[in-house]
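What follows is a short report on a single structure.
Per-chain residue numbering starts at 1, and chain names A, B, C and D are given in the order in which the chains are listed.
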Amino acid sequence: MDFTSDNAAGVSQPIFNAMMATNQGASPAYGADPFTAKAVALLSAIFETDVAVFLVATGTAANALALGALCPPWGAVFCHETAHVMEDECGAPEMFTGGAKLIGVKGRAGKIAAKDLAAALKAFPRGLVKQVQPAALSLSQATECGAVYSCAELAELSAIAHAAGLGVHMDGARFANALTTLDCAPAEMSWKAGIDVLSFGATKNGALACEAVLVFDPAKAHTLPFQRKRSGHTVSKGRFLGAQMAAYLEDGHWLVNARTANEHAARLAAGLARAPGARLPWPRQANEVFAFLPGKTDAALRAAGVRYYDWTMRDFGEQRAEDEVFVRLVTSFATSASDVEKLIALAGG
Amino acid sequence: MDFTSDNAAGVSQPIFNAMMATNQGASPAYGADPFTAKAVALLSAIFETDVAVFLVATGTAANALALGALCPPWGAVFCHETAHVMEDECGAPEMFTGGAKLIGVKGRAGKIAAKDLAAALKAFPRGLVKQVQPAALSLSQATECGAVYSCAELAELSAIAHAAGLGVHMDGARFANALTTLDCAPAEMSWKAGIDVLSFGATKNGALACEAVLVFDPAKAHTLPFQRKRSGHTVSKGRFLGAQMAAYLEDGHWLVNARTANEHAARLAAGLARAPGARLPWPRQANEVFAFLPGKTDAALRAAGVRYYDWTMRDFGEQRAEDEVFVRLVTSFATSASDVEKLIALAGG
Amino acid sequence: MDFTSDNAAGVSQPIFNAMMATNQGASPAYGADPFTAKAVALLSAIFETDVAVFLVATGTAANALALGALCPPWGAVFCHETAHVMEDECGAPEMFTGGAKLIGVKGRAGKIAAKDLAAALKAFPRGLVKQVQPAALSLSQATECGAVYSCAELAELSAIAHAAGLGVHMDGARFANALTTLDCAPAEMSWKAGIDVLSFGATKNGALACEAVLVFDPAKAHTLPFQRKRSGHTVSKGRFLGAQMAAYLEDGHWLVNARTANEHAARLAAGLARAPGARLPWPRQANEVFAFLPGKTDAALRAAGVRYYDWTMRDFGEQRAEDEVFVRLVTSFATSASDVEKLIALAGG
Amino acid sequence: MDFTSDNAAGVSQPIFNAMMATNQGASPAYGADPFTAKAVALLSAIFETDVAVFLVATGTAANALALGALCPPWGAVFCHETAHVMEDECGAPEMFTGGAKLIGVKGRAGKIAAKDLAAALKAFPRGLVKQVQPAALSLSQATECGAVYSCAELAELSAIAHAAGLGVHMDGARFANALTTLDCAPAEMSWKAGIDVLSFGATKNGALACEAVLVFDPAKAHTLPFQRKRSGHTVSKGRFLGAQMAAYLEDGHWLVNARTANEHAARLAAGLARAPGARLPWPRQANEVFAFLPGKTDAALRAAGVRYYDWTMRDFGEQRAEDEVFVRLVTSFATSASDVEKLIALAGG
């Protein structure tokens, strides 16, 4: 019973099958293959605009490349203080930007509020030479806390950023899960809401190792071929990235997977909310459930072989009681419904 | 009929099968899985020593990480002037070292001669503050020209480098092909010959996207977990890297693949040597064949659908005649023997 | 009447005279001159230990070089959230470390409290690969708010840092002013309190452009010659740096200058404390006075030609009243006593 | 008798006097002072165009900042293989560009020939992702060998560079000496000949520590304020840089100094040419004299206390005879005419 992360799951079968089907004969290297071309075409169709696409194998690469395209070494990237780019990538954005500064903004459930972004920007006046210059806003959709911005919220934040001359990046490692929650078009949750560059994740939602940097404004894309190459992220047998992404998108496979994951999470959240002594710090929105569990419940779950992470979050305003543990449980396309039920039962929910 | 590169080939079946077998249930992310552990054990066994292993998806990543572990920003990496790290990675070593300098050394068929290394080192006295400081030697085995260093040559070069305080890196993107040529133990062609860090390639020889940075001296390994992470090269579903590498090594699969590739190349080289007007600039040693072809032959091959690259090499002392083209033909485990025969026949060999 | 900054002052006469006396005949370049040797000897004598000395022309260079010597690209530097290295150097520490992360710690009057440092360190467990690794603590003495750590406070913070494996840097742009306040030996306020590398400032206290990176642990100094050179901070006519530093130190000139500056500040602080409606957010300790002034007072001062900066500080707990302005006034060796009296009179103090 | 370098000289008196005159009262920091404004006005007048000016204290800083403004991390800078930026700055251009590659071009007496530049550029096709992208040409005027490009040569090289999309930098550490040789207008030897960014040196020709980055195309200047700040090269008491540069330029002082230095060198070269057994590898053009001296002559000079450097140059085609030494002798505004005569007499010229 694994609820540690959606990247503990394997590869969904249609994606694996597509990789296998791709494994025939020779194919041009470094992304000049027909499978990658197909993925690009699908992405452009699904996003209703011609996008520049850069496939890579990891989410950290996608994020760091995106920020590297938006932010100079003397720039500042504004993000939530718990963002993955801030806390979980060992300084990759700093490496790929050549030493830019990430400015953490506080906010409930991993979300940045418009007024807080505005206040943060005010502290970095453009042209004040002694300070790094505001260059990019990075929004995580869904957030590290599993929360989801509405399209209106995204648009408001992007508008503030654009007005201040920043480019806007979305860390969409869980883009599909958020999209499922909002039930809107991909274009609405991205470029129509002001996103300039999107890290479009597939790995956590069924791919083996495939993420796309999508650049909606072609003017921001021209340095990326070189940045990808010199960071070692231009995969030689690129057809297998193309095949993954194409299979991920075809016939709405990605949406099916995300819906499955989200439904598991919804069930889990509801069950835990009913469990004696358990409580959720904020509403579940995508495929992650955060919860305070009584120590006894936690012990019972672990004794039964349920795996998940204790979670540490700073400054959220919620206080953990003495006997509580704060935990994160993540579901995926591969989560078993019966595991969810078992977990709920163990918690007494 | 594709002879463009060994990375135009797909994945060999045993490796694909292993990936599929791995795709069961949940598995810890980021390399903490049993498949990666198995790969590490196999590498240690095959190299007859406990190696620190860092699996990544691309050869550029492996090389750049290796050099980043050996060379500070104010350091110099000595390599052949046509080395992949010098010419084909868009500055990845510069990025991963934080701005070190690569010093190109001339030499026939991509090989560095001992006296030329010594002379190059002499121009960079240790402690002379105005100059970058000698930090690493990078040797390609096989070279970009398909040549192979003998173990004695490697040992001599490493000894010179070590005496001058440098670490020694081997770019082994085609390690298996070179090993097949020398018919020696992996340990002899690596740490016993003074190699400190090895980029051990699998992708060009049958894997999907898998290379290992092998560190023979553990003292040189401790920064690599962080360097790999912050460069975005720590793959989340790491079990699929582990599975590839393990399958690559098990039952000598890697050696079978390399032998096949080399034999195709040997046949090809022999055939072209017989072809009217064609000539080889240096003896074929691994799985790459370089040749001067009469323009007419080149045209006939291309008309028949044979794909390969025109090659440009500077300063080799060989002169191309007016009506000649200089080409590179690469074979792999997936090359078809009949394609080789057809090509030779087309060339009149 | 200039109270904008101690770097608005010129050069004190003994230092200028020494530069002039140095301007005779030829002298070896790049610091190999007798004047630099004399400065090194004086520093070693004054600090009661053999120090490695790297003279540079700016405080940003000194700080960034010091942090570059202590912190790898994947490291974290802990500092006060308002530290000069954090807020006023346009990312120089990030550039010189190759992309490290600065972690801001809150604290009253620019000082870090021991428990806050310990808590900040706890959030960065050593070896947790997804996070940057704790590498250095940077303390400003005096702080950006003009406060001064006691030697015991410095020692406690250094001990915490050392126990966690960090090196300790002191930004001593106003070292002399702080030393004057504490009235202790330079060694007590530096290496005896656990400081490993010190940015020892002279410019703000009478030099033209001269700061020294002092490395008390020689093992941490060996990369600095190259880091200084490649950052363009090895001045060719180095004798003029040596002459400045030597004259600064000789006959206690630096202490005289600092005492003068501090006394002016003391008078100013006392005067403002008496002025109707004015108040100090924290006690004056060195040569900077921070004050809330009634808008009317501020207007009167400015109308009379007094120059100083409005100051912005985040999160100090002090609240500015509607009609108040928050300002910084800095004194130096060159401040005129009558200007101080005039200012106080204008403020009604 | 010092002929080691023009940076072994001190400061010329008018420049020192101007610094002293500047040392009155308070002045805005970081270059916002009237002295810097005056220097900018003088530079614009002398170069007959409005230039963006960035004063710094070292030539390495000027060069590295200039290249950092012209070349991205994935770019290539073409320069002579013996250029100061290539050989003598410990990788500063690599640091300031974020890891770009310097491509050395061969050429007699430190000069790049048009055909060799064209050939070098041909090896780096724009858009070939595996290679760094051509971004800048850096020309040294005078060269490291003391040679001087004619304005026509500069214009031809710039035109080739511009046609290939490169920006053109001139390392003018000895701009004044070269200008004296050509006896032309500063504009002709710079922007009218296609130079986009100029490192305009003053230190070697009489200043204490002052160089200017001059940007003739304002579009290439907008990142430099931040690049200068974060590299620690924005001097706080900037008025003293302004004063140096203004005094350097006023009343043609810079040209007087350069003429003096060049005349000493001319006399020296003529004298050595007459000396038995001595010979010059190429004609003297500015203030550096390179010579092959008989071992006996070298020994006599050194015994008499003449200081100068043995010089090493690779691949110039000249061969040193067994009993010869190859030396560099540099003159400056401060060289004594009688020292020159004594040296010539000692050599028997």
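By our rule, a residue touches a chain if its C-beta (ideal position, glycine included) is under 8 Å from a C-beta of that chain, and two chains touch if they have at least 3 such contacts.
Values in this document were obtained by computation on a predicted structure and should not be read as measured data.
Undergrad: Please pick, from C-D, A-C or A-D, the pair whose interface repeats that of B-D, with more than half of the contact pairs identical by residue number.
TA: That would be A-C, since it shares over half of the contact pairs of B-D.
Undergrad: Could you compare the number of C-beta pairs in contact for A-B with that for B-C and name the larger?
TA: A-B
Undergrad: With chain centres set to the mean of the C-alpha atoms, which chain is at the far end from chain B?
TA: Relative to chain B, the chain with the farthest C-alpha centre is C.
Undergrad: Could you give the separation in Å between the centres of chain B and chain C, each centre being the mean of its C-alpha atoms?
TA: It comes to 51 Å between the two C-alpha centres.
Undergrad: Between chain A and chain C, what distance separates the C-alpha centroids? Give it in angstrom.
TA: 41
Undergrad: Round to the nearest whole Å and give the separation of the Cα centres of chain A and chain B.
TA: Measuring from centre to centre gives 34 Å for this pair.
Undergrad: Could you list which residues of chain A touch at least two other chains?
TA: In chain A, the residues touching two or more other chains are 73-74, 89-91, 94-95, 98-99, 129-130, 132, 226, 229-230, 234.
Undergrad: Per the contact definition, I'd like the list of chain D residues that touch chain C in the complex.
TA: Chain D reaches chain C through residues 2, 4-5, 7-11, 16, 19-20, 22-29, 56-65, 89-92, 94-96, 203-204, 208-209, 226, 229-237, 239-240, 307, 334.
Undergrad: What residues on chain A touch chain D, complex-wise?
TA: Chain A reaches chain D through residues 30, 72-74, 98-99, 129-130, 132-133, 223, 225-227, 229-230, 234.
Undergrad: Which residues of chain D touch chain B in their complex?
TA: Going through chain D, the ones touching chain B are 73-74, 87-91, 94-95, 97-102, 123, 129-132, 312, 314.
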